[in-house]
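Chain nomenclature is as follows: A, B and C, assigned in order of appearance, with residue numbering initiated at 1 for each chain independently.
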Amino acid sequence: MVVRELELDLDAFEGPFDLLLTLVLKEELDLAEVDVAGIVATFVERLAERGELDLEACGEFLVLVAALLELKARGLFPDEEAELSELEPEEAAEELARRLAEYRRAKEAAAWLAERLEAEGSRFFRLGPAPLAPRVERRLAPQEPESLAVALRALAAEPPSVSLAHLELRFPPVSQFLERFRAVLRRRRVFDLDAEVDGMSRIEQAVAFLALLELRRGDEVALEQAAPFAPIRVSRAAVSNEEGRQEWIARSA
Amino acid sequence: MDRPLRLITASPVDRLARTIEALLVVASQPLSVEEVAEATNDDAERVETALRLLSERFAEGRSGIVLEHVAGGWAYRASREAAEACGRMFERPVERGLSAPALETLAIVAYLGPVSRPEIARIRGVAADSVVAGLVERGLIAEAGREDGVGGAIRYRSTPLFERVFGLDSLSALPRLDDLGESTNEIRERLESVAQRRPA
Amino acid sequence: MDRPLRLITASPVDRLARTIEALLVVASQPLSVEEVAEATNDDAERVETALRLLSERFAEGRSGIVLEHVAGGWAYRASREAAEACGRMFERPVERGLSAPALETLAIVAYLGPVSRPEIARIRGVAADSVVAGLVERGLIAEAGREDGVGGAIRYRSTPLFERVFGLDSLSALPRLDDLGESTNEIRERLESVAQRRPA
């Protein structure tokens, strides 16, 4: 399935997905008018028609829809994010891409560390002093009492007013839902997506769905839907070594 | 006496000896024959044979690592030949100052003590366990009862060594902090309220 | 080629090697060439020669004690052959693995440190407090001052123990992030290649 050729029939737009992106990037289409959940629904319908899950397409779709949602969320909350709303759409897209890349790199680095830890699991070395080593006495030079007062005054100083708010994602991060769904699946083998996201905003629901796709991509869950728009049923993937390991690690977190 | 060298290298006792060699280099306590036998899944007699073998290899004059039988079992030590170098390595220079976390914690204990770890953590905005343990080990602070009697958190106060290091006759000689509050309680409240506003 | 064995045994480098052997067996941390040179009162070049000699002798497959360069210095560890026996006797430094959030946080601190909890939270999109506390407790990361000097959030860096547990020579032995993932530009290009700027 070619994601860019996905035919959309939305209130604000009719045509292929790549044309929609082009119009949005050119600011000829107001993203606030675009029903992103509708795009997700169309994509899911096409997937369902094909009967098998096209993982490559899901991955590509995930990145594109995440980008759209981020841009849209920014546009919808201009007052809460004054600094970001000052960004040109071009810059916003760039900033978004930068953050996606940053988070992705952190995840890649984490995956590398996990592999390394596994490979170095048989590494044993002494922690602490040797049994027959001489005891070391740590001696401290005379200190200035004033340094204590300085330290306490520093602790009493008003925190810097530099706000990190402009750096925070308003848009709920996919990772939040990943962790949430993993937690649910540790307690229950199966759950209905609709019940889990009940009461959330549409944007949150869409992000929750993205998280599900990501879990499916990693073979952590199986998804079932009896018919388009029927409740999506999420179940833990068949028990594999991988899952056993995940649970084991999760318990020690 | 056919090719004895080859025999030794390939013999299972030598393999056992190599494993014991490894256990001893990881241990931070002397190891008893029983402990080694359990870890290697081997019998005590064979372990003893292997240890004898090792103590010949790791012997004074032959090796820098010397295997010694002490009260609690077997452990490596440095050879006498290396005593001078070891002396130089362990002779730590006098430390010039404390790390920032240690100084912050010490200031809190000195001015607000006796004070508990949870309280220190609230003021600093971070768990205080390892820093407090370090200061106790250095003798700069010490336990001083518990909060609200039995079951409360342990509280800490500064020690006479602390006063000596900082050149204080007593705690009342600490520099004044009138700008922060009129009483210890006021200072404490101010620190806690600032901590709440600090970025996590 | 006269009696080469005798020559080697008596050579000063071998004596130096024996002394270094001894230092390493009592040291609590990996020793840098400079530290060894200082303790042995010898020059760095000769120390390096001796260390090379020792790492051949204490090599995997040959000895239960393995000498390796790790965390910016030289240290012994147990041979892999002995891992099973070690596992029965000792706890691993990271006994029960690390959760996915812990690994992500550790990666951020190792690559970007010193870095504060708010910064970690921004990159991961979820609060980092308990994960950071857990990593500090395991000794894999440690405090490294505060942001903006006075009053800022505490920053963290990875520790030498982290490098040892992961078998890293130094932090620069971590793979470059650019080699691991797509760069910003690539992601942006991907967005644009799909959007393909058709005549609207």
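In this section, a contact is a pair of C-beta atoms (placed from the backbone, for glycine too) under 8 Å apart; a residue touches a chain by one contact, two chains touch by 3 or more.
Treat the numbers as computed from the prediction; the structure is a model and nothing was measured.
Taking each chain's centre as the mean of its C-alpha atoms, the one that lies farthest from the centre of chain A is B. Remark: the per-chain Cα centre closest to the mean position of all protein Cα atoms belongs to C. If you average the CA atoms of chain A and of chain B, the two centres end up 40 Å from each other. One simple way to say how far apart two chains are is to compare their mean CA positions; for chain A and chain C this gives 29 Å.
Distance between chain centres (mean CA atoms), chain B to chain C: 20 Å. Contact with two or more other chains is made by residues 25-27, 76-78, 82, 86, 90, 118, 147, 151-152 of chain C. Among the residues of chain A, those touching two or more other chains are numbered 124-130, 132-134, 154-155, 157-159, 164. Residues 22, 25-30, 68, 70, 75-78, 86-87, 90, 92, 94-98, 100, 103-104, 106-108, 110-111, 123-124, 138, 140, 165-168, 173-177, 179-180, 187, 190-191, 194-195, 197-199 of chain B are the ones touching chain A in the complex. Residues 15, 17-23, 25-27, 31, 35, 38-41, 63-65, 76-79, 81-82, 85-86, 88-90, 116-118, 121, 127, 129, 133, 136-137, 143, 145-147, 151-154 of chain C are the ones that touch chain B when the two sit in their complex. Residue ranges of chain A in contact with chain C, taken from their complex: 3-4, 17-19, 21-23, 25-26, 28, 60, 63-64, 67, 93-94, 97-98, 100-114, 116-117, 120-130, 132-134, 154-155, 157-160, 162, 164, 167-169, 172-176, 179, 245, 248-253. The touching residues of chain A, when paired with chain B in their complex, are 124-134, 136-149, 151-159, 164.
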